Structure formats: C-alpha cells, structure tokens
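Both complexes shown next keep chain A, but they swap its partner, so chain B is in the first and chain C is in the second.
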Partner chain A sequence: MIKMENIAKSYDGNTMVIRDIGLEIKKGEFFVLLGPSGCGKSTLLRMIAGLEEITAGDLWIDGRHANELLPKERNLSMVFQNYALFPHMTVRDNILFGLDARKVAKKEQDERLNKVAEIMGLAEYLKRKPAQLSGGQRQRVALARSICSQTPICLMDEPLSNLDAKLRGQMRGEIRRIQRMLGLTIVYVTHDQVEAMTMGDRIMVLNEGCVQQIGEPLTVYNDPENLQVATFIGMPQMNIFRARAEQEGLRLNGSLILRRCGGQPCPAPAEECIVGIRAEHFRRGNESTGYVLEAKAAMVEYTGDETQISFENGQGYSVVKWPGQIPAEAGEALTLGVDAEHLYFFDKDTGHRIRQDGGRSQ
Partner chain B sequence: MKKYSLALLYAVLILLAVLMVFPLLFTILLSLSDNADIMNGQYWPQVLHFENYAEAFTKANLLYYMKNSVIVAAVTTFCQVALALLAAYAIVFIPFRGSGIVFGLFMSGMMIPMDVLMITNFQTINAAGLLNTYAGIILPCIGSAFGIFLLRQNMKQIPLELKEASDIAGVGQFYFFRKVVVPLSKNSIITLAVYCFLVSWNNYLWPLIATTKDEVRTIQIGLRMLSASDTQQDFRLVAAATMIVTIPTLILMFFGQSRLQEGLTKGALK
Partner chain C sequence: MKHARHRLLGAAAYLLPALLIFVVFTLYPFVLTCVQSVFTTNAKGDLIGFGGLDNYVRLFQSALYRISLKNTIVYIVLTVPGTMVLSLGMALLTSRDRKGMGIFRTIFTLTMGISVAAASMFWTFMFHPTMGLLNTAIEMFGGEKIGWLTDMDIAIVSISIVTIWMNTGYCYLILLGGLKSIDKTYYECADIAGVSGWQRLKRVTLPLLSPFLFYVLVISVVNAFQSFGVIDMMTHGGPANSTNLLVYSIYEDVFVNYNYSFAAAQGVVLFVIVTGISLFQMKIVERRVTYQ
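So, the complex of A and B:
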C-alpha cells in the first residue's frame, strides 16, 4: 500500500533530519511510527501526506510513484494532533468538509454522515460547534471526518496526546476497532510506547531520523536490535549496566556482581559490554537457574497490583518489578535471580545488540 | 497613596476627554444658535434653532454631495478590503519564493504618505482621462498596506493545520479562502471596512484635486464650499452641515467600536 525506498529529508540541504528509510506497509495494516520527540516521525508522516517535500528517495502509494503527487491526489486522510477542526463550522460541516470538492452527492454525504455519526457516537452533537465539545468528542469528530472521506489510507499524528489518560485508553481501543471494521490502512505516529504496543500490527522505532527497528510489538519488546530500542520500549525502562567479565561473574557498574550459579559459563560476550535486564525479569531469591545478584533495597513502591523495588547499582538506581504485593522494606537485603536468556548484551561503543549462540535470547 | 494616584489619573483622563469632546459640543451649540447671537459672542443659544439643519440641507445641497461620498466611500472600502484579503491570503497561505520580500515591499508602502504621491497620482489620473470621475477619486486609494498588514496578522493566527487538512481533503485555494479564512477573519474584516470607510468619508484633499466640477465632488468639499462661498460667514449653517456630515461617522463608531477595538488590538497581544 505504502512503499518507501531510501527516503531522506533535509530542510537546509546539509543536515539530514531523516535518513535512508525503507519500508513497506501492507494494506489493512496498523503501522506505528514510534520515537522520542524530535526523532523525525511526524516529518516522515507529513512526507507521506505530501505536506513536506521528499528530499531524496522514492515513495509509492497504492502502486503509484507519489513523490510529486499533491496531497489531494494521494487519496488519503489525516488526523492532526490538534484535530484541525474548523471552529466556525458545526460538527456536521466539519465531518463533511471537502466532500463537496470531491463531488460526492448530497444524498451520499448524508448517508455517510449518519453511518459515521452512529459509529462514533456523535449523532446528538451534529449541530454543535467544536468549542462546545469536550476533548474526547473533538477527537471523535476529527476521526469521523477522516472516516467519512472513505480513503483507504489514514494518517494519524499523535491523535490521542491531548486527551487525559482514561480517555486515551478508551480511544485506543475504539480506533483499533474501527480500523479493523473498515479495513483501513493506518499510519500512526506516537511517542507513547503503550499506544504503539497495544495498537500496532507493526512498529517502526525511529531515532534521530534513522530506523532503529521494524517489527511486531512483541518482537520489538522481546528482541530489541539495539540499546535505543531496548531502553525506549518497556515501563519501567530496562535496567542498563556497564559490565566487566570477572572470575566469578559479571561486575556491574564496577560495584554489584552478577554471580554465576553452578557451572554456568561466563555470560559476557566480551570483556566489557553493556548488559540490560528488564525489571520484571528479576526473580525473587535463589529460584533462578542462571545468575544471582545481591543488592540492598532503596525504595519500595506499591501500585496495588504490583510491587516495584529499586536498589542502588553504583551509578544510580535500578528497578525490580513483581506482580502482587510483596512485603519488603527499604534497607532490606535482596537476592535477585536472572535467567541466562533474560540478559541482553549490547556493544559498549555502538549500542548494537550482541547475540550469543544464534538467538538464544529469543 | 494609591488613591491619590488614581485620582490624578482620572483628573488627567477627564481633562483629555473634555479637550477631545469640546469641538463637538461647541459645534452642536453653534448649529442650534442664531447667527446674530454668535456674532455678538453669545455662544449659548437662548432659543434652539433646529431649522438650521433643514436650511443647511437645502442650501448647501448636502444630499447631492452625500450621494457622491457614499458611492466613493463604499466602492473604495469594498475594493480595499477585497484586495487586502487576497494579498494577505497569498502571503500567509501560499508559500512562494520571496513572499517575505513582497510583504516587506507592501509594508514599506505604509511609510510613504499619500500626500507625497498627490502630484504623480494627479498626473496618472489626468493622463488616463479620469479627472472628474468616481474612478479617478477611487483608484489611487484602493491599495492599503495597513489593510494587508492587519489581515495578515489575523490570518497568521489561523492554525496552519486547517490549511493542510483542506489540502488533504482536496478543496481548492478559493474554497478554503471563502469557507474558512474569511469567516475566521470576520472581526478584522469589519474593523478594516469601518476604518477604511471613515478614512474615505473624511478624505478631503485628494477628491478636491481629482475634481474640477461639482458632479462627482464629495461631501467634505461641499462643506468647505459652504463656508467659502458666502461672503458673510454663516457659522450656524456650517456647524449644522458639519454635524450632518459627522452622523455616519458617529453611527459607525457607535456600532463598530467594540469590534474596532478588538480587531486593532487582537494581533498585538500575541
């Protein structure tokens, strides 16, 4: 549906804000562009929309070479972060905006309007102006306009970032449901990893204008290609240590030691590297078959359904996350186990993932 | 301390208000007086002579001049607003190379007073054979750098996403202009129109220069001729006629004041 080859963007001709992006988005796919702010994800989306020029590379939309196509010729719709509703028009006119220009008959317009208003729960607000709606309703109007245009591709630029947490959760499900129902191809920009994980069929993690990884949400979570991806995805953030291989195990940040149990081989692929451990991969006590870490609890936090304990690691704090309400107190000694397959190794200079034994860490 | 400074402030404001309003009140008094009283230095009318107004109307042929003024002011206003709208739209919403320079050129036009161009304008109008026509009076006044500036400031506050959404939806420039930009610039458009109408209505020098015959002359010239044509100054008639001429101004100010204020200060705050 959308294909990119070596896409690049530069505003001043010197610095590249987007470099060498190649990807293919399939029909009916929910594709998420994920990255920290300023990573170029919105720029990339706007290039697909035709709102930004493409400096280099090729873009195909629905089989057509689209670099030079005008936005209206690309047959897509877009939902903006601030919704881009016309403040002086009613909800009805906002939803139907542009259909006149596309020569859609009045009767057809009414049919589409009624159908969309019903799906989106906007039927009773059609005569109101955007200023009289709540944030969630405005967001629905923006979505309704996009659906009403009946274009096969819908681009969304952080559409949920102006909503409060509860509404955001609700709208996540709603957008996904509508996307499946109508078979839309959605390209969705967000910096929120929860949105990316829960909504996307596939995620592209972008940083500083470069693709870090493309894959299904769980693949990206379980098998990050590099340190950027590993630390960007996951809450709390993956614990990162500088590791040095020593006789009895791995010295972390020059202070803690990750000890081998039994006859385990030395885990480090190099004498010095970076090791990452997710908070939920620590086990309590000596249950582990792999490695053990002795630490002292610094702070214990209960969210109700889970317990987070942080401990000092020599250069700051690391976090352990366990389901349930685990009795613990600050200052208490912790024995933490880690299985071998839950150690992620990264090159200390490049941050690239170092895989051992051909993908043992899958 | 605060109380005193407030009192001082009000004293200054009241003084300024009196200074501002005095000519108007004095004119009203004169317009209702007897000419003999005025000559004797008796400015407070003993009897109110409302018939002065009727006399001014007939004697000075005010209605005739007023018709000319209405035509000139209305057409000037319409053209000025329309041109300024289109120019401002192009500068704000149509990206083109050198749009900043074009806008700068427009703005530099604001710094050249109309009076400096009076002679060249006369030559142009004369060469075009437009002396003593409405077109001759109107044409040099329809470009307004101030209008472009005012509307541009307003349009810049319209989120660019609205234009982008329109581009994606596939509507044309003119549709977006008509359906989105004009309604959202309504206040500024009204402000500009009121302002432009008033300036045009009060314009004296150019309509005088561009005309030699009475047929197309505007009311301000008519007013002037009233006081010049009589050997004996008839102050009560001049005052009455002046009052009549200011009426449209007062009406516009009365209804447009809040909008005028809003429109002129709106862009300034951001």
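So, the complex of A and C:
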C-alpha cells in the first residue's frame, strides 16, 4: 500500500532530519511510527501526506509513484494532533468537509454521515459547534471526518495526546476496532509506547531520523536490535549496566556482581559490554539456576497491583518489578535471580545487540 | 462587611482615573451638546432661549442636511467595501512567506505613516485637471480629461479613492496579521481533502478571518462617518456641496455659520446614527463571526 525507498528529508539543505528510510506498509495494516520527540515522526508522516517535500528517495502509494503527487491526489485522510476542526462549522459540516470537493453526491454524503455518526456515537451532536464538545468528542469528530472520506489510507499524528489517560485508553480500543472493521490502512504516529504496543500490527522505532527497528510489538519488545530500542520500549525502562567479565561472573558498573550459579557459563560475549535486564525479569529469591545478583533495596513502591523495588547499582538506580504486593523495606538485602535468556548484551560502543547462539562454554 | 467595603474602595481607586477622563472629556461634552441642541444660541455660543425640538425639526427639513446625509451614505458605500476588498486582496496575496514578500508588505503599509495633510496634497496634485498625473495619463491614451475634484458627480468618488488609499494600509496590516494567526493545519486539512481555490477561501480562510474582518468593518464605518480632514483640505465640501459629509456640515455650522445649537443637534443625530449602526453590527453581523 505504502512503500518507501531510501527516503530522506532535510528542511534547510544541510542537516538531515530523516535518513535513508525504507519500509513497506501492507493493506489493512496498523503501522505505528514510534520514537522520542523530535526524531522526525511527523516529518515522515507529512511526507506521506504530501504536505512536506521529499528530499531524496522514492515513495509509492497504492502502486503509484507518489513523490510529486498533490496531497489530494494521494487518496488519503489525516487526523491532526489538534484535530483541525473548523470552529465555524457544525459537527456535521466538519465531518462532511471535503466531500463536495471529491464530488460525492448529497444523498451518499448523508448515508455516510449517518453511518459514521452511529459508529462513533456522534448522532446527537451533529448540530453542535466544536467549541461545545469535550476533548474526547472532538477527537471522535476528527476521526469521523477521516472515516467519512472513505479513503483507504488514514494518517494519524498523535491523535490521542490531548486526552486524559482514561479517555486515551478508551479511544485506543475504539480506533483499533474501527480500523479492523473497515479494513483501513493506518499510519499512526506516537511517542507513547503503550499506544504503540497495544495498537500496532507493526512498529517502526525511529531515532534521530534513522530506523532503529521494524517489527511486531512483541518482537520489538522481546528482541530489540539495539540499546535505543531496548531502553525506549518498556516501562520501567530496561536496566542497563556496563559489564566486565570476571572469574565468578559479571561485574556490573564496577560494583555489583552478577554471580553465576552451578556450572553456568560466563555469559558475556565480550570482555566488556553493556548488559540490559528488564525489571520484570528479575526473579525473587535464591534459586540455584541462572545468575544471581545481591543488592540492597533503596526504595519500595506499590502501585496496587505490582511492587517496584529500586536498588543502587554503582551508577544510579535499577528497578525490579513484581506482580502483587510484596512485603519489603528500604535497606533490606535483595537476592535477585536472572535467567541467561533474559540477559541482553549490547556492544559498548555502537549499542548494537550482540546475539549469542546457544551457550558458549568457557 | 468591612472587607467588602475595603474592596469597593480599592476598586474605586483603580477606576477613578479612567472614570475622570471619561466624565470630563466624553460625558460632559456629550451632555452639553444634548442640552445645547434643545436651546437657541447666539453667535458666541451662549444659550439664549429654550427651543425644544426646533433644531431637530429644522434639521430634517433642511435640504442641505439631506444632501450631506446622502453624500455620507454614498461615501460609506464606496469606501468601506473598497477598503476591505483591497486590503483583503493584498493581504491574501502577500500572506505566504516567500522571498521578497517583505518588500511588498512594507510598500502596502507605507500609507499608514502618511499624514492626512500630506496625502491630500499628493492627491490634489494627482487630481490636478491639467497637470495631474491621472489626466495626463488619460490624455496620453486618447481619453477625455476628468474633472476629478471639479465635477459634481466625480468629486465624491475621488474623495473616496483618497480615503481608501489612506486607510488600506492599516486594514491590510490587521488582515495580514489575522491571516498569519490562522493555524496552518486548517489549510493542510483542506489540501488533503482537495478543497482549494475559491472554495477554500469561502469555507476556510474567510470564516477563520472573520473576527479580523469584523474589526476592520467596524473601524472603517466609524472612520467614514467621522471623515473630515480630506474633505476640508481637498474640496471644502464642494463642488456645490457634493462632498459635504455629516461631520463637515457640523464643522461649517459651527465655524462658518456660528450656528451652535443647530450643529449640536446634528452632532446628536450623528451620535444616534453611529450608535445604531454599531449596535446593528454587534448584534447582527457579529453573529456570523467565530472567535477561535
């Protein structure tokens, strides 16, 4: 449906905001562009929309070379972060905006309107002006306008970022439901990893204009390609340590030691590297498999359904996370177990993932 | 209780300066004018007898007053739409950020810095029957000379041209600022939907610009009612009262005819007219304005 080859963008002719991006988005796919603020997500989306010129590379939309197509010729719709609802038009006129220009007959317009208003639960608000709607309702109108245009591709730039947490959760599900129902191809920009994980069929992680990884949400989470992706996805952030291989195990940040238990091989793929461990991958207690870390609890936090305990790691704090309400106190000694498969190694200079094929004996 | 009184005193202290200025310079002269208008006055302006509504009756019977009322209407009909269309057009043309646009923007706003006197002089030369640039140009192309300020039917048009020329700069600046303040995503939304050209202007740009258009409308109308300088310098209301507007007529009755109470009555009527039109604008026209 959408294909990019070596796409690059520069606003001023010097600095590249987007570098060498290649990807293919399939029909009916929910594709998420995820990345920190300023990494170029909006820029990439706007290039697809035709609102921003493409500096280099090729863009195909629905089989057509699209670099030079006008926005309206690309047959897509867009939901903006601020919704871009016209304050002087009623909800109805806002939803139908552009259908006249696309030469849709009045009768057909009414049919579409009624159907969309029903799906989106907007039927009773059609005569209101946007100013008389709540944030969530406005968001729905913006979405309804996009659906009403019946374009196969829908672009969304952080459409939920102006909503409160509860509404955001609700709209996540709703957008996903409608996307499935209508078979829309959605390109969805967000910096919220929860949105990315829960909504996307595939995620593209972007950083400083470069693709870090493209893959299904769980793949990206379980098998990050590099340090950027590993630390960007996951709450709390993956714990990162500088690791040095020693006799009895791995020295972390020059202070803690990740001790190997009974006959485990030395895990490190290199003399020095970076090791990452997710908070939930620490096991509680002193089982004699895998690796063990002795630390001292610095702070204990309960969110109700889970417990987070942080400990000093020689260069700051690391976090472990367990489901349930675990009795613990600051200052208490912690014995944490980790399985070999839950150790992520990264090159200490490049941050690239170092994969180990099976166990390596000493 | 004490607290409330304290706050009232505080509020009064803050309001006092503005209130004082309003009373001395606006309310007092206005009341004085109203009082004057129902008396008769001598040439020095002293009240010499109660006249009731005599002045008003005389006013509506006066052929000259009716002419100046008609002139004012013609003048408004010419200058208000003229100024608005011209300044809107120029603002639309220069609202995009392109190289060299700054030059045009500067040129278009230049008239703001020109005084009425200078503008009148400049245009008097332009309109000069034999040496003026306009007639010279017309003759060059084989046309017939036009009596810009001497022809009874043309003079009001000429005066209107000068007024438009003088007011456009300011209105242009307001509308340009208004266009610049419109969120770009509205246009992008229109681009993607394929709404362009005239449709985009009608459905997107103008409605979003409406608060600014409304402001420009209101001040243009009020300015037109109060227009005096250009008339005084270029035509003195002539030829044959064809450019005699309401304010100029008041001026003549005070400073030429020394007919104070009659002028006062005209002042009151002008006040009623302007208030009425302003109310109409605020109640009816402003309904179609959407503030963002």
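Following the convention adopted for this analysis, the second predicted complex is superposed on the first by the 356 of 362 C-alpha atoms of A that agree within 3 Å, B and C clash if a C-alpha of one lies under 4 Å from a C-alpha of the other, contacts with A are read in each partner's own complex, and residues count from 1 in each chain.
The rule is short, and it goes like this: a residue touches a chain if its C-beta (ideal position, glycine included) is under 8 Å from a C-beta of that chain, and two chains touch if they have at least 3 such contacts.
Note that the structure is a prediction, hence the values are computed from the model and not measured.
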Fit or clash between chain C and chain B when superposed on chain A: clash
Touched partner set for A:49, first chain B, second chain C, both or neither: both
Chain B versus chain C as contact partner of A:149, first or second or both or neither: both
Touched partner set for A:310, first chain B, second chain C, both or neither: neither
Partner chain(s) touched by A:318 [first = chain B, second = chain C, both, neither]: neither
Chain B versus chain C as contact partner of A:179, first or second or both or neither: neither
Contact residues of chain A, present in both the chain B and the chain C interface: 49-51, 70-72, 74, 76-78, 80, 82, 84, 86-88, 97-98, 100-102, 149
Contact set on chain A toward chain C in their complex: 49-51, 70-72, 74, 76-78, 80, 82, 84, 86-89, 97-98, 100-102, 129, 149
Chain A - residues contacting chain B, complex: 49-51, 70-72, 74, 76-78, 80, 82, 84, 86-88, 97-98, 100-102, 149
Chain A-facing residues of chain B, complex: 159, 161-162, 164-172, 175, 179-180, 183-184
Sites on chain C touched by chain A in the complex: 183, 185-186, 188-196, 199, 203-204, 207-208, 210, 290-292
